[in-house]
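Going by the order they are written in, the chains are A, B, C and D; count residues from 1 in each one.
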Amino acid sequence: MRKVYLDHAATTPLHPEVLALMCDFMRDTFGNPSSVHSFGREAKKFTQEARQKVADLIGAAPEEIYFTSGGTEADNIAIIGTAMARRKNGNHIITSAIEHHAVLDTFKYLAKNGFEVTLLPVDKYGMVDPDEVAGAIRKETTLVTIMHANNEIGTIQPIAEIGRIVREHGVVFHSDAVQTLTKIPVNVDDLGVGLLSLSAHKIYGPKGIGALYVRKGIRLQPIIHGGGQERKLRSGTENTPGIVGFGKAAEIGGRDMEQESKRVQGLRDKLIRRVLAEIPSVTLNGHPEQRLPNNANFSVAYVEGESLVLSLDLDGIAVSSGSACSSGSLQPSHVLTALGLPHEMMHGSLRMTLGRANSEEDIDYVVESLKGIVTRLRSFSPLAQPVRA
Amino acid sequence: MYNETVMANFQNPQNVGEIPDADGIGEVGNIVCGDILRVYIKVKEGKLDDVKYMTYGCAAATASGSMMTTLAKGLTIEEGLNLVNKDVAKALGGLPPQKMHCSNLAADALHRAIRDWQKKTGQLPEGYEEAEDGHDHGDEDGCPVAE
Amino acid sequence: MRKVYLDHAATTPLHPEVLALMCDFMRDTFGNPSSVHSFGREAKKFTQEARQKVADLIGAAPEEIYFTSGGTEADNIAIIGTAMARRKNGNHIITSAIEHHAVLDTFKYLAKNGFEVTLLPVDKYGMVDPDEVAGAIRKETTLVTIMHANNEIGTIQPIAEIGRIVREHGVVFHSDAVQTLTKIPVNVDDLGVGLLSLSAHKIYGPKGIGALYVRKGIRLQPIIHGGGQERKLRSGTENTPGIVGFGKAAEIGGRDMEQESKRVQGLRDKLIRRVLAEIPSVTLNGHPEQRLPNNANFSVAYVEGESLVLSLDLDGIAVSSGSACSSGSLQPSHVLTALGLPHEMMHGSLRMTLGRANSEEDIDYVVESLKGIVTRLRSFSPLAQPVRA
Amino acid sequence: MYNETVMANFQNPQNVGEIPDADGIGEVGNIVCGDILRVYIKVKEGKLDDVKYMTYGCAAATASGSMMTTLAKGLTIEEGLNLVNKDVAKALGGLPPQKMHCSNLAADALHRAIRDWQKKTGQLPEGYEEAEDGHDHGDEDGCPVAE
């Protein structure tokens, strides 16, 4: 059966060059970079090269890159690390209602531990209003974190504008760029961020590795304690193959970004166009223009998201849904909820995120498959057919 | 996540659709919680001569409806009322814990359809309360929660 | 030049079977285990198999294994997680003076945050006295953590005995088994632990992955918040290749333990015998019998550790030292300090940790090399030659 | 960690050993901190005719001693006193930050050896204090600390 992977926002396959490099590295270079001997020095050399590559991708200096175990940990270090390090300056932190769980759940944790938190609302497209950020900042505010683009609906936030406001108030500004890296330009100076979270497995790099950019001068309290690796911010023997793979993925992603984003956006636009035109009662979630080039997020009336996901899966198509059923959480996603969608549209959400492997034919295949599935599921949906008797 | 029996019943659900001249109709669930199951029955000589259903919900809801209707067809009214949610889940070979409430929809909806028929034919037992058939989660706070 | 790696306590090369499996897996199976579709389910299947293998190795149930980014994080979650979750029961926690930094620095962090900590001393062999543990436990004690074996000197602690005492007091007992796994038997019931830290890269598995065993019924507060992976204890997209590699390494390590430990111990014993016999003024650190089969730790009088390490490195031999110079910390290791060694012996420490790749010839080569180096370095050591003029 | 010049001077240190009939001897460092450097000098016609050293310490200490003695040989007494730690580190092409104190040992020890010779020959300048030549870290708390 044809296989079409349309869940690149969840994770991506390794780029073949990354895979090859990692396998070579894992075979040849196993030293601990903290070791003084040649095995250790060799490993260290590779990790420093990778650090440079990640730094180059976002316009940072290599000593501003701290490797972590992934995007989630980067978010946690940024938020807890700042909140704790600046506790004497205040106990108020700000974010938006549609952040990734790695941010929102960390805010919940801090809220339980004496911090005051503000969750900014978004408009119906998922946009944060910079004026709202300005209005929320208080004397006690130590951190504002707003994601660069949302993982579910793809909406891109006006980070540069928000960054300007936050900096004017002398508050640390963090952004989660896990979804934007290698899709749209991510430059720490252009964005005006003090902290930036990255994750390798979203850019055809390995799982289990990410990075936090920390602008020179910002001090963070570590959350994992020990041997003092990553200049004391993140202890634990380095995941050297992961770091090396991340470096390679960053290099390739930066090199190919313009061309690949354009290509993928073309396919995505076609997907949206056809789905909206050919399947009745479907709407597009997220911003019509300010959105990631690879993201399409639909709400399909009268059918529930998990059923769509599993039906598409039976046709070899991998997508995701923010429906309650699909997540197993029994509540539809907080992102769709924050948009103020009607319940029916929240439960019938469908996220398709494109990537390197997708072709025109994939899109045609997916549209045809989806058409049939929606028709079939609607044929026995009580919402589509009110009680007659 | 789901076992093969559940997936088979999701992929090829049995007895889906409407019975336009149904003798009884029962519906449970609501759109807030994201799952609805509606059952149609035809009663003939005290037996469930035909049972069909429509559903909006996760794969487990579709599979539960399919299994419930398969089990219910041909049962007496009494037997239909005794068919419980656990029977459905068991016949499906089990459901993931967070999906157990889906199987609850199916038998509950059947019971409501039977009650509807009883009401229409003046056979509703004295003192019957709708709540007995459970599963009428009304608002977001009331949505079923996984343990 | 001949290369002899004698730093297996720092890290190990990937076992060829682990490498092969990981490369296959990274090529073929990239799904996010949280995804509902086939790519996700396939990945999940592999991680569950690996979980079973790790569980089998230590006599645990698979649902008691929580994957982490390594041994350091496992230690942190065990300690912070217990201390925070049990804060209402008390604020006193106990460990030994010779734990790994991942434990000691976490204790320091908690000490700064309102916890009372006790660091138990060790005897001259690095042994913790179970009676001291019993004596240190108070009403407010919520956690005792004592490492299974020390990473520098190899001393194996009487964990079963300590575990019995700790359990009798209703206190949670954690042990860091990072160095013992696959070297000596590690069984959670025999050891009587509630929590146990493991790390893959010390057992010929990948770097960046570890696990915490959590006995059913023990509740921990997470330290990384987000998507709720690892049954809510450790959020973040799973490092699936790391997990799969860890599983394989656990399987192989368990299978080969008896035979391989015996072989390595034979080599190690020969190394110790020859070094002590053929090089004057050298002593062995750690316990003469209760020590890891692959560990030798010497103090070489009159010469400093970093110079030994780098000189051996020039002969292709990789070892480590707890000397201040070598660690760059300007203080000799806390372990050697806790043993009460004279300064001179602390600065001249040399750790050689053997492993799979080592042979008889390696040992002969190392002894000859070391003899020459010590003679040369002593020839211009002012400690070896007091002022004459 | 170390550059090639440092490693070359560590691997083949120049001027190691004792001068049995030295005109002056200087030693800095101590065993608590783990680094000791001892310098022997022969003075001839106001010049450092021979300079040798012995050391206990990290590779940087050995390399610094090697480089310092190489630089010092043939200098006048005045020039020897003006040879400072930075000169040694610079000639080595730099040292890792946490090892800078090692290079400090070398010139300090030379100055002490010269002072020793001055003392023995009655040429010690008036008001000279030993502390001027620094680097006499006495106990554990006083060991040099990396920034």
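Simple rule for what comes next: contacts are C-beta pairs under 8 Å (C-beta built on N, C-alpha and C of every residue); 3 or more make two chains touch, one makes a residue touch a chain.
Because the structure is a prediction, the values reported are computed rather than measured.
J.: Give me the set of chains touching chain A intersected with the set touching chain B.
T.: Of all the chains present, none is in contact with both chain A and chain B.
J.: Counting one step for each move to a touching chain, how far apart are chain B and chain C?
T.: Step count on the best path from chain B to chain C: 2.
J.: Centre-to-centre on C-alpha atoms, which chain is most distant from chain C?
T.: Comparing chain centres, B lies farthest from chain C.
J.: Where the centres are mean C-alpha positions, what is the separation of chain A from chain C, in Å?
T.: A distance of 34 Å separates the two centres.
J.: Could you put a whole-Å number on the gap between the CA centroids of chain A and chain D?
T.: Roughly 56 Å, centre to centre.
J.: Whole-Å distance, chain B centre to chain D centre, using C-alpha means?
T.: A distance of 91 Å separates the two centres.
J.: Approximately how many whole Å separate the CA-defined centres of chain C and chain D?
T.: 39
J.: Where in chain C do residues touch two or more other chains at once?
T.: Residues 36, 306, 310, 326.
J.: Which residues does chain B have that touch at least 2 chains other than itself?
T.: Touching at least two other chains: none.
J.: Which word fits how the chains touch one another: line, ring, star, complete or other?
T.: Per interface graph, the chains form a line.
J.: Could you list each pair of chains that touch one another?
T.: The list of touching pairs comes to A-B, A-C, C-D.
J.: Within their complex, state which residues of chain C touch chain A.
T.: Listed in rising order, the residues are 5, 7, 10-14, 19, 22-23, 26-27, 30-32, 34-40, 69-73, 75-76, 100-103, 105-106, 108-109, 199, 201, 206-209, 223-228, 235-242, 306, 309-310, 312-313, 316-321, 326.
J.: Per the contact definition, I'd like the list of chain D residues that touch chain C in the complex.
T.: The touching residues are 2, 7, 10-11, 13, 16-18, 20-22, 25, 27, 31-38, 40, 53-62, 96, 98-99, 140, 143-146.
J.: Using the touch definition from the top, list the residues of chain C that touch chain D in their complex.
T.: Residue positions touching the partner: 302-304, 306-307, 310-311, 314, 323-326, 328, 330-332, 343-344, 346-347, 379-383, 385, 387-389.
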